[in-house]
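Presented below are the structures under discussion, each in the form of structure tokens.
Both of the next two complexes hold chain A, though its partner changes from chain B to chain C.
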Partner chain A sequence: MSGDLVLRVVAKLLIAFMLLFALYVQFHGDFGPGGGFQAGVIAAAAIIFYGIIYGLPAARKVVPSRVVETMVGLGVLIYAGVGVLGIVLGGNYLDYFVLSGDPVNGQHRGIFWVEAGVAVTVAGVMIKIFYMFAGRGRNGEPEA
Partner chain B sequence: MIAPHLPVLQVVLPLLAAPLMVVVRRGGFAWLLATAASVAALGIALALFARVADGAVLSYAMGSWPPPWGIEYRVDRVNAFLLVLVSSIATVVVIYSRTSVAAEVPREQLYLFYTMYALCLAGLLGITVTGDAFNLFVFLEISSLSTYVLIALGRDRRALVASYQYLIMGTIGATFFVIGVGLLYLMTGTLNLADMAQRLPQVAESRPVLAALAFITVGVCLKLALFPLHLWLPNAYAYAPSAVTALLAATATKVSVYVLLRFYFFVFGGTTVFIALPMAEILLLLSLAAMFIASTVAIFQDNLKRMFAYSSVAQIGYITLGVSFDSVTGLTGGVVHLFNHALTKGALFLLLGGVALRVGVVRFDNIGGIGRMMPVTAFGIVLGGLSLIGVPATVGFVSKWYLVLAALESGAWWLAFLIVLSSLLTVAYVWRFVEAAYFREPDPAVARLKEAPLAMLVPAWLLVGASVYFGLDTVLTVGGASQAAQDLLRGGR
Partner chain C sequence: MMAATVVAIVAQRNLFAVVVLSGVYSFLMATVLVALDAVDVAMTEASVGAGISTVLFLGALYLTKGEEMKPLHEPWLPLVVAVATGAMLIYGTLGLPAFSDPEAPIHRHVAPRYIHDGLRETGVPNLVTAVLASYRGYDTLGETIVVFTAGAGVIVLLRRWRGRKKEAKE
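Let's turn to the complex of A and B:
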């Protein structure tokens, strides 16, 4: 498929907007529909789209497997870390009220980082699943 | 400052350890972290156990949202007992797994093994500590999903099929459970277990509540492998890595029993659902079927891990038998057997792991005369077998004693007779091991075997020792179990 000029050009144009849309969904999650999970899926879709059009090796060059695996763990760490921060600042686990002097602001801050964690992990898992399925049986090496 | 946060830290520490292992990607570091998390969990569980010993109930409001609106973690004497059991078994198993898992799991997958191990531990502890029905479901899924992966990491290719089988059955079980919780939520408008227990009596006679009880019973019984729903268990235990088998046999089914107890006696305790549905009779019948049929099947197994897996199904029958009496003595017997069987089966599977390290798949035809080559391991297995039978001075005797007492108390002397009779079946399959290990000449292949490495023997013998020690000194186990039983029966009535 990598020979098709139309697909390659359209893909290049679209991917930037897909990533931008992912960020919009991410940061709009506080006020309307959206949030970390959806944003993570959209961002991963952009990478998967790139992989489908330009081939798996090209996608792996942009987002290496190791980065993807780190993302999987990192997101959960961010989420759980926000919870622990609640304890450190004198509240209960996952207490957002204490994250800022102003409780409402604290809630905003808490949900912002939690959703960021969700987005990172979800994007990582989605890309990982794609890599594993797309990489199956290539060059005779099993994809780890 | 840290003391009020213990209920949540119990779960958070292993939960934090897991993603950290993925980020660092080192097998050795992952093992260290898993050990640290398990030891910390054990310390926290002991601290919690001490703090609720006088009957206090610790409540923790997640995110400072007061219950019943927010998620509540709730520690009482019942689940503190379970927390100590789960975290101590996990600690022993993780120390053991350094040598055992290194031999059975490819090097580059080691860190993933420990990640899954930490997640499984977090899930099991979470199920036990939470006081929220939906949160319980989430932890049930966390522990189950990580368990599927752990089983699939087994060396034998059949491990994949076994894991898939368990995935299907486990998912059905979890789905049934969440349907039941959904129906309860519909009728009571709350997911907090304590709040639910208060509200249920007003709607107890309604059909959705009865349906919820049925769904939850079937769902949880699938997870705890009650007799006709046990089909996933033998293969999963037989083909999983040795350390995983020990962990599963000693904790996963036990935690599911706890969920059943929590729902039957705490949530439904104040209602009359036990009169509307013949729950006790059904449980009694299935328990008896498990004790006899599974024990009989165990006698005819060639693979030792499968044999002890079927024996687990039978032993779970004793636990649910204790539950079905619906009396303090019966429940004490059930809960104490839950603890005792975890020690015994944990020890047996850890020792079998040592044999597996030397001979590969442990079958009766390739361990002839092993008692002479691996005396410490074989003797440990015999002691574990004696405890399964229920010989005095082992933990098995203590739990069967209470079960027989409960049977006599309820006037069912024939049940007492059946409990003793089913022990005879246990004698049969334990004898098969004794015969193979001690009365056969070692084959040339067996004659070259060395004793299992010390790093595996010590943790295994810790459990063997515990299963003898707690057979002599029952203050902690029977004391804890009878307090738990009294609390459960006081539940909502």
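Let's turn to the complex of A and C:
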């Protein structure tokens, strides 16, 4: 944990905006640059930032390891689930046109969920790798 | 400027400086990508290359020593291999169509359809998102699975290491 007051206050201010920006990049990805991958990385960066400033145990309290591990698999399942839903609704795998009455609307829905899946997996993997590396002590003993 | 950064990275023996310089390199690369109108890629480069990987490098650096070891051999063979590969790649680019040539094969295959019909078919103004998530949905699914596999690999490797340590203690 960093004892520097400036760092801790600035971190607290910045993290909210980082998460907000991640959401913006996620949901505005249809219109501007960005999408699931970038949003996932930015959200993970916010958590990693928190972990660096306030220490790993604090970060693990905010986002427990089990949640992160679930996110890693959940994102892929969301993505693949959209594909399977396409089959169930009478289309091809990853066919978005059948997700709604209006084909364009269906595309919108499909892309939305697919991007959500990408973001969840990417954020989960990034946070997990950080936890794993940061959790190892200097002389090879795991700290947590 | 990027070349200067690379030279500095190679010449530098202090690993902390190398990590910071590679972050600088990533940001320069991101500006190049912005200049090439690839905003989405630039964003990824800036956040992953300069952000997350710098943090991971620093985490790895914490576990090791901060100074690079003196190399055991003179680096002539790697140098020859690198120069030869680079020369072959540059030779290969001579066969490519000129930059932004509208008659290039890549611009005559599926790209016109994406550009002309993409907005009408998907209703998504950002063409990159439309291609990524809709037209090339399978590829993106594969990419997501690659990321998933990377995470699973890290979990499995480091967990196992932890278990082995316990066995050694007993």
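What we mean here is this: the second predicted complex is superposed on the first by the 136 of 144 C-alpha atoms of A that agree within 3 Å, B and C clash if a C-alpha of one lies under 4 Å from a C-alpha of the other, contacts with A are read in each partner's own complex, and residues count from 1 in each chain.
Convention: contacts are C-beta pairs under 8 Å (C-beta built on N, C-alpha and C of every residue); 3 or more make two chains touch, one makes a residue touch a chain.
Remember, it's a predicted structure, so these values are computed and weren't measured experimentally.
S.K.: Go through the superposed model and pick first if A:F31 touches only chain B, second if only chain C, both, or neither.
M.R.: The answer is second: A:F31 touches chain C but not chain B.
S.K.: Looking at the overlay, what does A:A45 touch: chain B (first), chain C (second), both, or neither?
M.R.: The second partner, chain C, only.
S.K.: Thinking of the overlay built on chain A, is A:V84 touched by chain B (first), by chain C (second), by both, or by neither?
M.R.: After superposition on chain A, A:V84 lies in contact with chain B alone.
S.K.: By the touch definition at the top of the document, which applies to A:L19: first (chain B), second (chain C), both, or neither?
M.R.: neither
S.K.: After the superposition on A, what does A:N92 contact: first (chain B), second (chain C), both or neither?
M.R.: A:N92: touches chain B, not chain C.
S.K.: Classify the contacts of A:M126 with the two partner chains as first (chain B alone), second (chain C alone), both, or neither.
M.R.: second
S.K.: Between chain B (first) and chain C (second), which, if any, makes contact with A:V72: first, second, both or neither?
M.R.: It touches chain B and chain C both.
S.K.: On the superposed three-chain arrangement, identify whether chain B or chain C touches more chain A residues.
M.R.: C
S.K.: Using the superposition on chain A as set up above, list the residues of chain A that contact both chain B and chain C.
M.R.: In chain A, positions 69, 72-73, 75-76, 80, 83, 94, 96 sit in both the chain B and chain C interfaces.
S.K.: Which residues of chain A touch chain C once you look at their complex with the stated criterion?
M.R.: Against chain C, the touching part of chain A is residues 25, 29-38, 41-42, 44-45, 48, 52, 69, 72-73, 75-76, 79-80, 83, 94, 96, 103-105, 107-108, 110-111, 114-115, 117-118, 121-122, 124-126, 128-130, 132-134, 136, 138, 140-142.
S.K.: For a test of understanding, state which residues of chain C touch chain A in their complex under the given definition.
M.R.: Touching chain A from chain C are residues 39-40, 42-44, 47-48, 51-52, 55-56, 59-60, 62-63, 120-126, 128-130, 132-134, 137-138, 140-141, 143-145, 147-148, 150-152, 154-155, 158, 162, 165.
S.K.: Can you tell me which positions in chain B touch chain A when the two form their complex?
M.R.: Answer in residue numbers: 5, 8-9, 12, 15-16, 18-23, 25, 60-64, 108-109.
S.K.: Along chain A, where are the residues that touch chain B in the complex?
M.R.: Its residues touching chain B are 66, 69-70, 72-77, 80-81, 83-84, 86-87, 91-97, 144.
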